[in-house]
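The same chain A turns up in both complexes below, where it pairs with chain B and then with chain C.
== the complex of A and B ==
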């Protein structure tokens, strides 16, 4: 998993990536890497640009500026299509097909098809093989779409809000199935979500997309340990010298999320932030400077 | 085989929960030398946590000499943490039990005795915790 990520090309590498719609820029100036073998959570509010970014990676949209490389290759390489799978938010399946026909479709289109894996994912959901896709619930359709994606054994799995319409049991089962796939095959998984609790403990890599920009990118552990949560009877002035993400005053107590630059002095109690605290603080503070860890920086930026 | 119980809101890092639960099973004799730990795949399929977390926990247990990875076979228990002296019929337990009786006769409540024991243990084991 992590050990072989260094000698594999990055799963995703974007350089100056931007996408403009008629209404304006949905995504701008995005440069980041996701190394192979990571389980990456792409988080951010609705309309932040997450779906646009995933659709660009899946070659369903063309960038307006910059570019993105997937698994080290240019996106127009037909061989590349076999090596990644994309499950879009609207789960494009043929509604007239039955579950069995949909799986046969996957089998015939994919040379490396793994029938056992696909069948197991479907069987867990108790779906009759002769049920028509059009009659299934949203969560059941998601299950069929994930069965098709996992049956390909892709090197990279791009999932746009995969679990949003599933009940808690199905969510837990499918997250377990995804993690098992990553454990066994070193699959890179990039999934977007705005449910932060769903990703805690699951992801080891983070992309925070907000307002069409990348605000945080890198290993979760490294991002968390770069921050400190402070609270006490201090003054905002005591924080000068550190990068302040957010301060909040309640009565005499000041609480602050900072990126310490050197030792922290003052009447503070310090605690490491949780992933959820950290993300919420960034989302409340659009002016806070962005942070990309060394692994998340692209070659061009390292050289700069 | 051991089954891990992951509590996401406990505030204890997930890999530490796996380390602690494995050690507890070793202390209680639920896991014994030669036993196989579940594979990372098995753990994450059941708990839906990140595979690297399991590998990190197993590396830590390996570093402490408690388990060893055997390439292609899995991770196996090397030594037990169960101690004869701490067992139900051990001498240390009998002495401590006698001490607890005396403490009660002297009028100590449960909380008083627990605090006293904890304080003595902290003093005795200071520096190697």
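== the complex of A and C ==
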């Protein structure tokens, strides 16, 4: 598996990537890899730079510095456009079109169109083919947008807050559809969200974007196992040998999230952190050092 | 197994049989996006055709089997006394005035309306609804998308513009000029309602509106700005028009004032004094020297320059439109954020 992921070009590879808007830097000095075949969750608070990062990957924005490679190709390769799909946060669709016309749009503009997949995604939502897009609910629009993206048969699917405007039931159902289609075709998915519950148990790869920087990148399991959640009547000084992400004092008890650099000694109860605990700890501690697992490091960084 | 079932379910859900699909790719998308526009333009062409047809029918009926057109117009004063001719001439004046006040004004307005309500929303509404991202998210480059968006809409506008201009021109040549009521083709309304200028100007206004929308990205603001810009272009066109070709300068002597050739567009005329200086009619001519001069000058475009002027002006508009299209592609390339 490891050799497979290094042989195939990375789905996404950013090197020193930055984007500056008039009001300042939205993204700065981002270097990371997302290997092909992963289901990657891009998490972070609102305004962290997630949408900017996805738009850069989709070649809808030009980087102010650095660069990003998608599926191993440079972004100006016209063939690349066929190989990835992007669904913007607001799921833009032609509101005057019917569902059937929206699917025809996908068929007409994509040489590799997979009609069956697109029809299946729409059919699972009980969408009448002659319903106008403008009359659909947010969740139904999302379903049509995803049907377009999946029908394109992409190698890489970039989704910006795909489930943000859906109720929990529809979200669960659509996530199921998405995962089934992705698994069948081996599609790499990179999706952003600020709702962690949406991603937990679905993703196997993580990008934590915060303040325009990458703070965590890598396999979820590896990131989780690199951390320990400690709880006990110890002192912060006891943790000096380890990388401390966050300490919190409640009464005489101290709880800490650390990256152990050796055996942990002291009056601690240790437990593996949950993904949510881990992410919240990082978001509360902007000074905590960032962590990129070996798979997430770019070639240049490995060499350096 | 489940896949097969689901796929067959989906097929029954698809309503449109594919055999009717004749257009494909971006051509289909732009036909679908421009469908309403195509019907509106067709309705506009039919409206102009109906108005012209109504005038033609009325004039032919008034002329009757005796073909009063030639008899009454050719004969002059004596024929006016004939009741048939009198009645015909009154009706002829009515129908020509319908053409001048309705058909010609519709054609004068056509480019402005195209710029404001077709050009300005063309791209700004895509940006407002972010549907340009939807198109670029398919296997289509932004450049091809823009080319199809501009090209298909321009084709519709050109066809409609050429059709109404041809109808108007035909009525002008066949009925208005022979009537003797109006043969001054340089009149700003007439000039903008016949020949090549209506279609060229509509194309220019379309592209101008599209570029304004591309830059401003707000449909409402783009409509207003385009309205102002196309209005200003009309005014500028009128002011610059006589200078698009070299003017003819003429000196004549006589009594009273300068007499211009028939249907010429006189830009300036006046009096030449004994010392050789010229006093335009727009200036004061109070001195005795001015009052008593019998030498006059005129500066004009002759009627024979109507077609050359139309072609030069259309050419200028097409070059401007091409420059705007070039700007749009450059803008798309540079300012994608």
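Annotations
Please note the rule applied: the second predicted complex is superposed on the first by the 300 of 304 C-alpha atoms of A that agree within 3 Å, B and C clash if a C-alpha of one lies under 4 Å from a C-alpha of the other, contacts with A are read in each partner's own complex, and residues count from 1 in each chain.
Simple rule for what comes next: a contact is a pair of C-beta atoms (placed from the backbone, for glycine too) under 8 Å apart; a residue touches a chain by one contact, two chains touch by 3 or more.
Predicted, not measured: the structure shown is a model, and the values here were computed from it.
Put chain B and chain C next to each other and count what each touches on chain A; the higher total goes to C. By the touch criterion defined above, A:278 reaches neither chain B nor chain C. Once chain A of one complex is fitted onto chain A of the other, the partner contacts of A:179 are limited to chain B, with no touch recorded for chain C.
Applying the stated contact rule after C-alpha superposition, one finds that A:90 touches chain C and leaves chain B untouched. Of the two partner chains placed by superposition, only chain C is touched by A:130; chain B is not. When the two complexes are overlaid on their common chain A, residue A:150 makes contact with neither chain B nor chain C.
No residue of chain A touches both chain B in one complex and chain C in the other.
For chain A in complex with chain C, the residues that touch the partner chain are 21, 58, 60-62, 78, 81-82, 85-88, 90, 92-95, 97, 100-101, 103-106, 108-112, 116, 119-120, 122-124, 129-130, 148-149, 152.
On chain C, the positions that touch chain A within their shared complex are 3, 6-7, 9-11, 13-16, 21, 24-26, 28-29, 32-33, 129-131, 133-141, 336-337. Chain contact summary for the complex, chain B toward chain A: residues 6, 8, 14, 39-41, 44-55. Interface residues of chain A facing chain B in the complex, by the touch rule stated above, are 1-2, 39, 172, 175-177, 179-180, 182-184, 197, 200-204.
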